[in-house]
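What follows is a set of notes on a single structure, which appears directly below.
Here the chain labels run A, B, C and D in written order, and each chain numbers its own residues starting at 1.
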Amino acid sequence: MNKTIIEIVDSLEVSKVYAELSDPQSGGICVFVGTVREVTQGETVVALEFETYRNMALKEMEKIALEAVEKWQLNKVVIRHAIGAKKVEDPVVVVGASAPHRDACFEACRYLIDTLKERVPIWKKEIFKNKTVWVSAHP
Amino acid sequence: MNKTIIEIVDSLEVSKVYAELSDPQSGGICVFVGTVREVTQGETVVALEFETYRNMALKEMEKIALEAVEKWQLNKVVIRHAIGAKKVEDPVVVVGASAPHRDACFEACRYLIDTLKERVPIWKKEIFKNKTVWVSAHP
Amino acid sequence: MEILLFGIAKDIVGKSKIQFAAGEGQPTSVKELRQTLESAYPDLGRLSSMAVAVNSEYVRDELILKPGDEIAIIPPVSGG
Amino acid sequence: MEILLFGIAKDIVGKSKIQFAAGEGQPTSVKELRQTLESAYPDLGRLSSMAVAVNSEYVRDELILKPGDEIAIIPPVSGG
(Lines give C-alpha, C1' and ligand atoms only; values in the text may rest on other atoms or scores of the structure.)
Protein backbone atom coordinates (compact mmCIF):
# COMPACT_ATOMS: atom_id res chain seq x y z
CA MET A 1 0.00 0.00 0.00
CA ASN A 2 1.27 3.45 -0.85
CA LYS A 3 2.09 5.49 2.24
CA THR A 4 2.53 8.85 0.54
CA ILE A 5 0.18 11.30 -1.12
CA ILE A 6 2.03 14.00 -3.07
CA GLU A 7 0.19 16.64 -5.07
CA ILE A 8 0.46 20.08 -6.62
CA VAL A 9 -3.00 21.56 -7.04
CA ASP A 10 -4.65 24.82 -8.04
CA SER A 11 -6.88 24.96 -5.01
CA LEU A 12 -6.14 23.33 -1.68
CA GLU A 13 -8.91 21.45 0.13
CA VAL A 14 -7.45 21.15 3.61
CA SER A 15 -10.06 19.23 5.53
CA LYS A 16 -9.73 15.94 3.64
CA VAL A 17 -6.16 15.47 4.90
CA TYR A 18 -7.35 13.94 8.15
CA ALA A 19 -9.12 11.05 6.40
CA GLU A 20 -6.03 10.55 4.24
CA LEU A 21 -3.77 10.24 7.29
CA SER A 22 -6.09 8.09 9.41
CA ASP A 23 -4.71 4.62 10.06
CA PRO A 24 -5.49 1.83 12.55
CA GLN A 25 -1.80 1.58 13.48
CA SER A 26 -1.54 5.29 14.27
CA GLY A 27 -2.12 6.92 17.62
CA GLY A 28 -1.13 10.39 16.44
CA ILE A 29 -1.63 12.57 13.40
CA CYS A 30 0.13 15.93 13.03
CA VAL A 31 -0.80 18.39 10.30
CA PHE A 32 0.69 21.75 9.36
CA VAL A 33 -1.14 24.19 7.10
CA GLY A 34 0.64 27.24 5.70
CA THR A 35 -1.70 30.11 4.89
CA VAL A 36 -1.38 33.58 3.38
CA ARG A 37 -0.77 36.15 6.09
CA GLU A 38 -2.11 39.66 5.65
CA VAL A 39 0.95 41.51 6.84
CA THR A 40 4.57 40.59 6.18
CA GLN A 41 7.43 42.71 7.52
CA GLY A 42 5.01 45.49 8.26
CA GLU A 43 3.53 45.66 4.75
CA THR A 44 0.05 44.61 3.68
CA VAL A 45 -0.01 41.79 1.15
CA VAL A 46 -2.64 42.07 -1.57
CA ALA A 47 -2.06 38.58 -2.96
CA LEU A 48 0.54 35.90 -3.52
CA GLU A 49 1.37 34.13 -6.73
CA PHE A 50 3.03 30.70 -6.72
CA GLU A 51 4.71 28.99 -9.62
CA THR A 52 6.53 25.68 -9.82
CA TYR A 53 8.77 23.47 -11.90
CA ARG A 54 6.19 20.75 -11.58
CA ASN A 55 8.03 17.52 -12.45
CA MET A 56 10.95 18.31 -10.27
CA ALA A 57 8.80 19.63 -7.42
CA LEU A 58 6.78 16.40 -7.32
CA LYS A 59 9.99 14.38 -7.36
CA GLU A 60 11.50 16.37 -4.47
CA MET A 61 8.27 16.20 -2.49
CA GLU A 62 8.18 12.42 -2.91
CA LYS A 63 11.82 12.14 -1.78
CA ILE A 64 11.11 14.22 1.33
CA ALA A 65 8.04 12.12 2.14
CA LEU A 66 9.97 8.87 1.79
CA GLU A 67 12.86 10.18 3.90
CA ALA A 68 10.35 10.98 6.64
CA VAL A 69 8.57 7.62 6.37
CA GLU A 70 11.87 5.83 6.78
CA LYS A 71 13.29 8.02 9.54
CA TRP A 72 10.17 8.07 11.74
CA GLN A 73 8.46 4.82 10.69
CA LEU A 74 5.37 6.70 9.60
CA ASN A 75 2.17 5.04 8.48
CA LYS A 76 1.04 7.82 6.15
CA VAL A 77 2.38 11.11 4.78
CA VAL A 78 0.65 13.85 2.81
CA ILE A 79 2.39 16.77 1.07
CA ARG A 80 0.12 18.98 -1.01
CA HIS A 81 1.02 22.42 -2.34
CA ALA A 82 -1.13 24.94 -4.17
CA ILE A 83 0.08 27.12 -7.02
CA GLY A 84 -1.38 30.13 -8.82
CA ALA A 85 -2.87 33.25 -7.25
CA LYS A 86 -3.72 33.13 -3.54
CA LYS A 87 -5.33 35.72 -1.35
CA VAL A 88 -5.10 36.42 2.38
CA GLU A 89 -6.15 33.44 4.55
CA ASP A 90 -6.02 30.97 1.63
CA PRO A 91 -4.20 27.74 2.46
CA VAL A 92 -1.04 27.31 0.41
CA VAL A 93 0.51 24.11 1.66
CA VAL A 94 -0.57 21.21 3.83
CA VAL A 95 1.80 18.57 5.17
CA GLY A 96 0.91 15.80 7.56
CA ALA A 97 2.24 12.62 9.12
CA SER A 98 0.59 9.76 10.95
CA ALA A 99 2.54 7.49 13.31
CA PRO A 100 2.06 5.15 16.26
CA HIS A 101 3.17 7.85 18.74
CA ARG A 102 3.05 11.62 18.88
CA ASP A 103 6.79 12.35 19.09
CA ALA A 104 7.28 10.84 15.65
CA CYS A 105 4.40 12.59 13.97
CA PHE A 106 5.34 16.02 15.37
CA GLU A 107 9.00 15.70 14.39
CA ALA A 108 8.15 14.32 10.97
CA CYS A 109 5.60 17.04 10.25
CA ARG A 110 8.16 19.70 11.12
CA TYR A 111 10.71 18.01 8.89
CA LEU A 112 8.27 17.90 5.99
CA ILE A 113 7.54 21.62 5.97
CA ASP A 114 11.11 22.73 6.77
CA THR A 115 12.61 20.56 4.04
CA LEU A 116 9.93 21.50 1.53
CA LYS A 117 10.82 25.15 2.06
CA GLU A 118 14.50 24.41 1.51
CA ARG A 119 14.39 22.15 -1.51
CA VAL A 120 11.16 22.03 -3.46
CA PRO A 121 11.22 24.21 -6.62
CA ILE A 122 8.23 26.42 -5.91
CA TRP A 123 8.48 30.19 -6.01
CA LYS A 124 6.35 32.77 -4.25
CA LYS A 125 5.82 36.32 -5.46
CA GLU A 126 4.36 38.75 -2.95
CA ILE A 127 2.12 41.36 -4.48
CA PHE A 128 1.91 44.59 -2.47
CA LYS A 129 0.04 47.77 -3.40
CA ASN A 130 3.01 49.35 -5.18
CA LYS A 131 5.44 46.53 -5.92
CA THR A 132 5.94 42.81 -6.35
CA VAL A 133 8.73 40.80 -4.69
CA TRP A 134 10.02 37.28 -5.37
CA VAL A 135 10.48 36.01 -1.82
CA SER A 136 14.06 35.15 -0.73
CA ALA A 137 15.48 35.97 -4.17
CA HIS A 138 18.00 38.48 -2.89
CA PRO A 139 20.40 38.42 0.08
CA MET B 1 -13.01 38.21 20.02
CA ASN B 2 -12.57 34.91 21.76
CA LYS B 3 -9.36 33.15 20.77
CA THR B 4 -10.10 29.77 22.31
CA ILE B 5 -12.53 26.98 21.53
CA ILE B 6 -12.76 24.40 24.32
CA GLU B 7 -15.13 21.46 24.16
CA ILE B 8 -15.85 17.99 25.48
CA VAL B 9 -18.01 16.10 23.01
CA ASP B 10 -19.41 12.64 22.44
CA SER B 11 -18.22 12.42 18.87
CA LEU B 12 -15.29 14.32 17.42
CA GLU B 13 -15.63 15.97 14.02
CA VAL B 14 -12.02 16.65 13.13
CA SER B 15 -12.18 18.38 9.77
CA LYS B 16 -13.87 21.56 10.98
CA VAL B 17 -10.84 22.49 13.07
CA TYR B 18 -9.07 24.12 10.11
CA ALA B 19 -11.86 26.62 9.57
CA GLU B 20 -11.87 27.35 13.30
CA LEU B 21 -8.13 28.08 13.34
CA SER B 22 -8.00 30.07 10.11
CA ASP B 23 -7.05 33.71 10.63
CA PRO B 24 -5.81 36.53 8.39
CA GLN B 25 -2.93 37.25 10.80
CA SER B 26 -1.75 33.62 10.77
CA GLY B 27 0.80 32.12 8.43
CA GLY B 28 0.79 28.73 10.11
CA ILE B 29 -1.72 26.33 11.62
CA CYS B 30 -0.62 23.18 13.46
CA VAL B 31 -3.08 20.48 14.45
CA PHE B 32 -2.61 17.27 16.40
CA VAL B 33 -5.20 14.50 16.39
CA GLY B 34 -4.96 11.60 18.81
CA THR B 35 -6.65 8.44 17.57
CA VAL B 36 -7.31 4.95 18.90
CA ARG B 37 -4.49 2.63 17.94
CA GLU B 38 -5.23 -1.03 17.30
CA VAL B 39 -2.27 -2.45 19.18
CA THR B 40 -0.81 -1.18 22.44
CA GLN B 41 2.16 -2.90 24.07
CA GLY B 42 1.66 -5.89 21.84
CA GLU B 43 -2.01 -6.45 22.70
CA THR B 44 -5.01 -5.82 20.46
CA VAL B 45 -7.39 -3.18 21.73
CA VAL B 46 -11.08 -3.88 21.22
CA ALA B 47 -12.26 -0.45 22.31
CA LEU B 48 -11.52 2.45 24.60
CA GLU B 49 -13.82 4.11 27.07
CA PHE B 50 -13.24 7.70 28.21
CA GLU B 51 -14.79 9.42 31.17
CA THR B 52 -14.28 12.89 32.58
CA TYR B 53 -14.92 15.20 35.48
CA ARG B 54 -16.45 17.64 33.06
CA ASN B 55 -16.47 21.00 34.89
CA MET B 56 -12.91 20.65 36.02
CA ALA B 57 -11.72 19.29 32.67
CA LEU B 58 -13.16 22.27 30.80
CA LYS B 59 -11.57 24.63 33.32
CA GLU B 60 -8.14 22.98 32.95
CA MET B 61 -8.41 22.93 29.15
CA GLU B 62 -9.24 26.64 29.11
CA LYS B 63 -6.25 27.39 31.38
CA ILE B 64 -3.92 25.42 29.10
CA ALA B 65 -5.27 27.21 26.03
CA LEU B 66 -4.80 30.64 27.60
CA GLU B 67 -1.27 29.77 28.77
CA ALA B 68 -0.41 28.86 25.17
CA VAL B 69 -2.04 31.98 23.71
CA GLU B 70 0.01 34.13 26.03
CA LYS B 71 3.30 32.29 25.69
CA TRP B 72 3.29 32.00 21.87
CA GLN B 73 1.10 34.98 20.93
CA LEU B 74 -1.38 32.72 19.18
CA ASN B 75 -4.31 33.96 17.14
CA LYS B 76 -6.55 30.94 17.76
CA VAL B 77 -6.52 27.74 19.83
CA VAL B 78 -8.80 24.73 19.75
CA ILE B 79 -8.88 21.93 22.35
CA ARG B 80 -11.64 19.37 21.87
CA HIS B 81 -11.80 15.98 23.56
CA ALA B 82 -14.23 13.13 23.04
CA ILE B 83 -15.59 10.93 25.81
CA GLY B 84 -17.55 7.68 25.83
CA ALA B 85 -16.79 4.50 23.89
CA LYS B 86 -14.30 4.74 21.02
CA LYS B 87 -13.19 2.12 18.57
CA VAL B 88 -9.96 1.67 16.61
CA GLU B 89 -9.13 4.64 14.33
CA ASP B 90 -11.68 6.92 16.02
CA PRO B 91 -10.34 10.39 16.82
CA VAL B 92 -10.22 11.03 20.56
CA VAL B 93 -8.67 14.47 20.89
CA VAL B 94 -7.86 17.34 18.58
CA VAL B 95 -5.71 20.30 19.57
CA GLY B 96 -4.59 23.09 17.27
CA ALA B 97 -2.91 26.48 17.26
CA SER B 98 -2.71 29.25 14.69
CA ALA B 99 0.08 31.83 14.75
CA PRO B 100 1.93 34.26 12.50
CA HIS B 101 4.87 31.84 12.10
CA ARG B 102 5.33 28.10 12.14
CA ASP B 103 7.75 27.81 15.08
CA ALA B 104 5.09 29.17 17.40
CA CYS B 105 2.24 27.01 16.17
CA PHE B 106 4.30 23.78 16.30
CA GLU B 107 5.59 24.46 19.81
CA ALA B 108 2.18 25.55 21.05
CA CYS B 109 0.43 22.52 19.57
CA ARG B 110 2.92 20.22 21.27
CA TYR B 111 2.40 22.05 24.55
CA LEU B 112 -1.38 21.74 24.29
CA ILE B 113 -1.39 17.96 23.91
CA ASP B 114 1.44 17.30 26.39
CA THR B 115 -0.15 19.45 29.07
CA LEU B 116 -3.62 18.08 28.44
CA LYS B 117 -2.27 14.58 29.05
CA GLU B 118 -0.66 15.69 32.31
CA ARG B 119 -3.40 17.75 33.87
CA VAL B 120 -6.88 17.39 32.41
CA PRO B 121 -9.15 15.04 34.41
CA ILE B 122 -10.06 12.58 31.69
CA TRP B 123 -9.59 8.83 32.17
CA LYS B 124 -9.09 6.17 29.56
CA LYS B 125 -9.98 2.52 30.02
CA GLU B 126 -8.51 0.10 27.51
CA ILE B 127 -10.75 -2.84 26.74
CA PHE B 128 -8.88 -5.95 25.58
CA LYS B 129 -10.35 -9.33 24.78
CA ASN B 130 -9.87 -10.71 28.30
CA LYS B 131 -9.40 -7.69 30.55
CA THR B 132 -9.87 -3.97 31.01
CA VAL B 133 -7.17 -1.57 32.18
CA TRP B 134 -7.35 2.02 33.44
CA VAL B 135 -4.37 3.55 31.65
CA SER B 136 -1.51 4.84 33.87
CA ALA B 137 -3.38 4.00 37.05
CA HIS B 138 -0.60 1.85 38.49
CA PRO B 139 3.18 2.34 38.67
CA MET C 1 -19.68 16.24 52.89
CA GLU C 2 -19.64 14.51 49.55
CA ILE C 3 -16.58 13.21 47.64
CA LEU C 4 -16.79 12.62 43.87
CA LEU C 5 -14.95 9.60 42.48
CA PHE C 6 -13.78 8.95 38.93
CA GLY C 7 -12.04 6.31 36.85
CA ILE C 8 -10.26 3.62 38.80
CA ALA C 9 -11.03 5.36 42.12
CA LYS C 10 -14.73 4.83 41.42
CA ASP C 11 -14.06 1.16 40.63
CA ILE C 12 -12.02 0.66 43.83
CA VAL C 13 -14.63 2.24 46.08
CA GLY C 14 -17.47 0.70 44.13
CA LYS C 15 -19.55 3.86 43.79
CA SER C 16 -19.25 7.33 42.30
CA LYS C 17 -19.70 9.30 45.55
CA ILE C 18 -18.77 8.93 49.20
CA GLN C 19 -20.83 10.72 51.86
CA PHE C 20 -19.42 11.76 55.22
CA ALA C 21 -21.95 12.73 57.83
CA ALA C 22 -21.25 16.06 59.53
CA GLY C 23 -19.39 15.89 62.82
CA GLU C 24 -16.89 13.39 64.11
CA GLY C 25 -14.87 11.38 61.60
CA GLN C 26 -15.43 13.92 58.87
CA PRO C 27 -12.00 14.98 57.52
CA THR C 28 -11.13 18.64 58.02
CA SER C 29 -8.21 18.93 55.61
CA VAL C 30 -7.19 17.39 52.28
CA LYS C 31 -4.48 15.50 54.13
CA GLU C 32 -7.00 13.99 56.54
CA LEU C 33 -9.29 13.13 53.67
CA ARG C 34 -6.50 11.17 51.98
CA GLN C 35 -5.69 9.31 55.19
CA THR C 36 -9.33 8.46 55.82
CA LEU C 37 -9.86 7.18 52.28
CA GLU C 38 -6.61 5.26 52.06
CA SER C 39 -7.28 3.42 55.29
CA ALA C 40 -10.84 2.57 54.23
CA TYR C 41 -9.78 1.60 50.69
CA PRO C 42 -6.12 0.48 50.72
CA ASP C 43 -6.10 0.02 46.91
CA LEU C 44 -6.28 3.80 46.56
CA GLY C 45 -2.81 3.93 48.12
CA ARG C 46 -1.46 1.63 45.39
CA LEU C 47 -2.26 4.05 42.53
CA SER C 48 0.61 5.83 40.73
CA SER C 49 -0.77 9.06 42.15
CA MET C 50 -3.94 10.43 43.67
CA ALA C 51 -4.73 14.12 43.44
CA VAL C 52 -7.55 15.98 45.15
CA ALA C 53 -9.55 18.78 43.57
CA VAL C 54 -11.69 21.25 45.45
CA ASN C 55 -14.15 23.35 43.48
CA SER C 56 -12.60 22.08 40.22
CA GLU C 57 -9.01 23.06 41.08
CA TYR C 58 -6.09 20.87 42.11
CA VAL C 59 -5.28 21.56 45.77
CA ARG C 60 -2.48 20.82 48.22
CA ASP C 61 -2.71 18.64 51.31
CA GLU C 62 -2.69 21.64 53.65
CA LEU C 63 -6.01 22.98 52.39
CA ILE C 64 -8.82 23.10 54.98
CA LEU C 65 -12.13 21.76 53.68
CA LYS C 66 -15.17 24.03 54.02
CA PRO C 67 -18.86 23.15 54.02
CA GLY C 68 -20.24 23.33 50.49
CA ASP C 69 -16.90 22.57 48.80
CA GLU C 70 -17.11 20.30 45.75
CA ILE C 71 -14.45 17.71 46.51
CA ALA C 72 -13.14 15.17 43.98
CA ILE C 73 -10.59 12.37 43.96
CA ILE C 74 -8.45 12.50 40.80
CA PRO C 75 -6.64 9.23 40.02
CA PRO C 76 -3.85 9.35 37.37
CA VAL C 77 -5.31 11.14 34.34
CA SER C 78 -4.97 9.54 30.91
CA GLY C 79 -6.72 11.71 28.35
CA GLY C 80 -5.49 12.27 24.83
CA MET D 1 20.21 22.79 -25.85
CA GLU D 2 17.34 24.34 -23.95
CA ILE D 3 17.42 25.89 -20.49
CA LEU D 4 14.19 26.25 -18.48
CA LEU D 5 13.80 29.37 -16.35
CA PHE D 6 11.52 29.96 -13.37
CA GLY D 7 10.55 32.67 -10.91
CA ILE D 8 12.87 35.65 -10.78
CA ALA D 9 15.30 34.01 -13.24
CA LYS D 10 12.55 34.09 -15.84
CA ASP D 11 11.89 37.76 -15.06
CA ILE D 12 15.61 38.65 -15.32
CA VAL D 13 16.08 36.89 -18.64
CA GLY D 14 12.70 38.02 -19.91
CA LYS D 15 11.58 34.63 -21.18
CA SER D 16 10.91 31.12 -19.87
CA LYS D 17 13.51 29.30 -22.01
CA ILE D 18 16.95 29.95 -23.43
CA GLN D 19 18.09 28.08 -26.53
CA PHE D 20 21.76 27.37 -27.30
CA ALA D 21 22.50 26.24 -30.84
CA ALA D 22 24.64 23.11 -31.06
CA GLY D 23 28.35 23.67 -31.52
CA GLU D 24 30.62 26.46 -30.37
CA GLY D 25 29.55 28.56 -27.41
CA GLN D 26 27.24 25.83 -26.07
CA PRO D 27 28.21 25.13 -22.44
CA THR D 28 29.56 21.62 -21.82
CA SER D 29 29.31 21.55 -18.02
CA VAL D 30 27.05 23.02 -15.36
CA LYS D 31 29.92 25.29 -14.37
CA GLU D 32 30.24 26.65 -17.89
CA LEU D 33 26.49 27.08 -18.12
CA ARG D 34 26.53 29.26 -14.99
CA GLN D 35 29.40 31.36 -16.33
CA THR D 36 27.70 31.83 -19.69
CA LEU D 37 24.39 32.85 -18.13
CA GLU D 38 25.88 35.12 -15.50
CA SER D 39 27.91 37.03 -18.04
CA ALA D 40 24.91 37.41 -20.35
CA TYR D 41 22.54 38.31 -17.47
CA PRO D 42 24.55 39.85 -14.60
CA ASP D 43 21.45 40.10 -12.38
CA LEU D 44 21.47 36.30 -12.08
CA GLY D 45 24.76 36.66 -10.20
CA ARG D 46 23.07 38.93 -7.66
CA LEU D 47 20.56 36.33 -6.46
CA SER D 48 20.96 34.78 -2.99
CA SER D 49 21.65 31.50 -4.73
CA MET D 50 21.20 29.87 -8.10
CA ALA D 51 20.97 26.10 -8.39
CA VAL D 52 20.93 24.03 -11.55
CA ALA D 53 18.79 20.94 -12.08
CA VAL D 54 19.36 18.34 -14.77
CA ASN D 55 16.56 15.88 -15.45
CA SER D 56 14.69 17.15 -12.37
CA GLU D 57 17.57 16.63 -9.93
CA TYR D 58 19.83 19.18 -8.30
CA VAL D 59 23.34 18.77 -9.74
CA ARG D 60 26.86 19.95 -8.94
CA ASP D 61 28.98 22.25 -11.08
CA GLU D 62 31.24 19.40 -12.27
CA LEU D 63 28.44 17.61 -14.13
CA ILE D 64 28.90 17.32 -17.90
CA LEU D 65 25.79 18.19 -19.90
CA LYS D 66 24.56 15.63 -22.42
CA PRO D 67 22.33 16.10 -25.45
CA GLY D 68 18.71 15.56 -24.48
CA ASP D 69 19.19 16.62 -20.84
CA GLU D 70 16.35 18.68 -19.36
CA ILE D 71 18.21 21.61 -17.81
CA ALA D 72 16.66 24.14 -15.44
CA ILE D 73 17.81 27.21 -13.52
CA ILE D 74 16.52 27.15 -9.93
CA PRO D 75 16.57 30.56 -8.22
CA PRO D 76 16.04 30.61 -4.41
CA VAL D 77 12.94 28.53 -3.70
CA SER D 78 10.20 29.97 -1.51
CA GLY D 79 7.37 27.47 -1.32
CA GLY D 80 5.29 26.86 1.77
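One rule holds for everything that comes next: a residue touches a chain if its C-beta (ideal position, glycine included) is under 8 Å from a C-beta of that chain, and two chains touch if they have at least 3 such contacts.
Here the structure is a predicted model, which is why all the values come from computation and not from measurement.
K.L.:
By the touch criterion stated at the start, how many steps lie between subunit B and subunit C on the shortest route?
P.N.:
Graph distance in the chain contact network comes out at 1.
K.L.:
Taking each chain's centre as the mean of its CA atoms, which one is most distant from subunit A?
P.N.:
Farthest from subunit A by mean C-alpha position: C.
K.L.:
How far is the middle of subunit C from the middle of subunit D, if each middle is the mean of its Cα atoms, in Å?
P.N.:
So the centre of subunit C lies 73 Å away from the centre of subunit D.
K.L.:
Quick one: subunit A and subunit D, Cα centre-to-centre, how many Å?
P.N.:
The mean C-alpha positions of subunit A and subunit D differ by 26 Å.
K.L.:
Between subunit A and subunit C, tell me the centre distance in angstrom, where each centre is the average of that chain's C-alpha atoms.
P.N.:
A distance of 48 Å separates the two centres.
K.L.:
Could you tell me which residues belong to subunit D and also touch two or more other chains?
P.N.:
Residues of subunit D touching two or more partner chains: there are none.
K.L.:
Quick one: which residues in subunit B touch 2 or more of the other chains?
P.N.:
Counting only residues that touch two or more other chains, subunit B contributes 34, 113.
K.L.:
According to the definition already given, which pairs of chains are in contact?
P.N.:
A-B, A-D, B-C
K.L.:
In their complex, what parts of subunit A are in touch with subunit D?
P.N.:
By the definition above, subunit A touches subunit D via 34, 50-53, 55-57, 59, 81, 92-93, 113, 116-125, 134-139.
K.L.:
Going by the contact rule set out above, which residues of subunit A touch subunit B in the complex?
P.N.:
Its residues touching subunit B are 14-16, 18-19, 22-39, 88-89, 91, 100, 102, 105-106, 109-110, 113.
K.L.:
Going by the contact rule at the top, pick out the subunit C residues touching subunit B in the complex.
P.N.:
Touch residues, subunit C against subunit B: 4, 6-8, 11, 46-48, 53, 56-58, 72, 74-80.
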